[in-house]
């Protein structure tokens, strides 16, 4: 219901990734190919880490990304080695800045494509499971923001994969208690400014698409004539809802029920499954 | 921290009340005289009952009222015998449509000027007291909206004064449990499309200003030359945060800790005090 | 590049025409079938004549129509017997309220779907031809607004077809002087609150689509079971960029290079051709 | 009718200048002390030169600066050694992004506080004097933007003081032809990314306020304990509509009818007077 992109690697102008590629994220805001909705015009957001800052900046607005001048200005004048971009297609919740991704807490960013089924019925129980000390910071009305606060509650800053697994488990047990089948459908990206974790999961096992780019050294060997690749470090990576451009060999689908980590010095790909509380929670 | 106006009586163009009077609500958005904040530029809203409809329309936006063209257009082209107008000065919560007043539920409208002290600390406990069937309809992040949903929870549509008293009582007992002194400061207007209830109360006994206009027949006797008054029914009334115009004898302060009812066939003015639950709540 | 709808007839809620029909204008904002652009998300506008007012109200905003709550509110709570609706796909000019249709002058409304080719090169010469007394009222940067002011300059309020013909002629002679071929592509609707004139023309003879609805009495004979038709006068008409709904026999294409008039007491369909000044102009 | 600030010197976070000082520009958007209007809530803009780019970025929006989150985000995460900030109080023209300052052309930025009297009457003649090759780039409806395009027409990029003098002269002769007395009231800042030119002039000789900061080395001698000054180069300068903070000795009023240049290696202060064309122009 949304599309997103995460970039990690050699610092570049945001526009080189967000605007310039064929079938870029901004192009997907008008013409998505793989999404449930072909138009993602209900707001957008970018989050980026300036060179010497631990806390990221976030720019979000409620209009379509394709015609937003401030987005263009910032993207064409800002360099970063780690940034997120997100375009939104609302599934019913209000079109407001506080419902736009990425969400931020300290140096952490979070963005999501997907949906919690029948969220209106589950919203209260999920919100109650958020750490009371965090509850007051919820500003919007989306499932995505509640998922973020649940992950923070369950230890996101110490153990991202574990916290996301516990969040997913809670969503599923809560849904079961309410008789909501197949409640979770998600691709999530989260970062602390150094590593990026990207999750692909759905209760039904039919998750939204997610792709990770091939290592740049391998791509360069395949395409010695593509000048853009020459300026990038071997470890530069993109994780995206749907592929950009049409470079053969550039994109690898992230398997169902798995997550990847992208970080300097090497990433990894692992299976993902929700984690269910055995005790009183759930 | 906001200003509002409620009109009940002979159908008029909204602009005749919202724009034309000296020191109108729209003028107060730039130059409030009696508010804590002199500028109320963080959004606005109007709610009105079209002639033959039970459910009101609501127009809200996030910019200042003084320069909003859509507000001008609608106000200059819409007649109603019962409408609300509100201008917002945020006390920290996001400037978004879902934080603008009036709030609506079915045929009910609610608007508020004031604040719950230290709302961030109390927000979760107050939200938990909202009827679970209503919780998912909370869209914004203001104290005002939570107060509305609490009043709905406590029987607003059957007994407005009782429901508002129980809401105020819950806010005070919740605040006491968290060690927050003098938590409530409010002037509230609520309507079902027929009657308007207006409340003035603060825990500290130093409430924001609230005024109700004199009966039109009495005003006409005082000012036989004011042509505008000739077109209005005897029972037409305004309830306002601060007086409009400068007609001597036109405005009466609503006393501390009281509420008034404005309705066809006669209103009333009564004392208001919070109602505290004796049982396990609070 | 845009889509529009004009309604004239029995007063109805705007929403009955703008939102409820299958493939309504609001649906076309996301999924146009016949437009050059399938998404019309760069702003919208409606203009309507309240029952007892000669001057129309206009509501315009810069976001997409499909997610705008104020549009929904006004459309679901306002009745009118003559109104316009427009959704915009920018061809490069700024996304701002003053570039949204309909444009208004006194009791006249104007809206446009199409483009003046290479408008940047022609803009100054066209703007200079606007009556100097009107020039200062130009607020935006679109070709559509300049076309409106040219038509006003050429006598729109006295002779709409003649004024539009002279406007079209000026655009073509100005374009010729600049070496711009096939400069004009337009479907235009204009009204004074009583009659609606709708024009279909392009220099190249390949104009954007335009349809007018069949007389209601004829439609009722074809579809005696369609309840919505029973409430409408025989002369109620819609003029639209692309058909709504799927009622067989309901829609008639307006021929190339022609214009129609819809008014109480009977409309007409006539050929349209630009009118060229012979004297010093052009 | 507006307020602005120009910074040139040691690269700092924009927020250190725009948000942090007592009585900062953002504070002035709510509570200006020296302006004709105390509230400047009709839009804002910033323009800045990233470290290694000749063309500046511009962020502009239509809401008040005091509550805009994107402005806060960018200002707190962007460093620059040359930037402009502007807050707008509309004198009647539309509140739209294209009417917000600063205006940009290539690597030049322009911002203005003031007004051309009776601009509606003069607008067409002034616009006609704009170079036809530039005319189509006018996007908004303000006097300020037309002044910028006139200055560009009259050689701004080669000779800023001369071009601004010729622009001012044209405004005055055009106004005289229309019988408009005392037409020009302006403080203008313009930059090419290296030097900043700041002009204070009004036809009547009663110009809006303008101040330039004292050289940092002199200020440091006066205030050895102010730590912020220690990090700034001797030549760092601010030009502002009204003083920030309350540091004694920090601000110097720019005299009537004069302009200053701020640039690395030394600025200057010179008299300014309009320049009138003798030939066919004007």
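Should a chain be cited, it is by its letter among A, B, C and D, assigned in written order, with residues numbered from 1 in that chain.
Quick note on the criterion: a residue touches a chain if its C-beta (ideal position, glycine included) is under 8 Å from a C-beta of that chain, and two chains touch if they have at least 3 such contacts.
It should be emphasised that the depicted structure is a prediction, and the values quoted were computed from it without experimental measurement.
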Contacts common to chain A and chain B (chain labels): C, D
Numbering shared by both copies at the chain C-chain B contact, with half separating same from different: same
Between A-C and A-D, the pair joined by more C-beta contacts: A-D
Distance from the mean Cα position of chain C to that of chain A, given in whole angstrom: 41
Touching two or more other chains - residues of chain C: 69, 94, 97
Residues of chain B that touch chain A when the two form their complex: 93-94, 96-98, 119-121, 123-124, 127-128, 132, 135-136, 138-141
Residues of chain D touching chain B in the complex: 30, 39, 41-42, 62-64, 66-67, 69, 90, 94-95
Residues on chain B engaged by chain C in the complex (per definition of touch): 48, 50, 53, 56-61, 69-70, 73-74, 76-79, 97
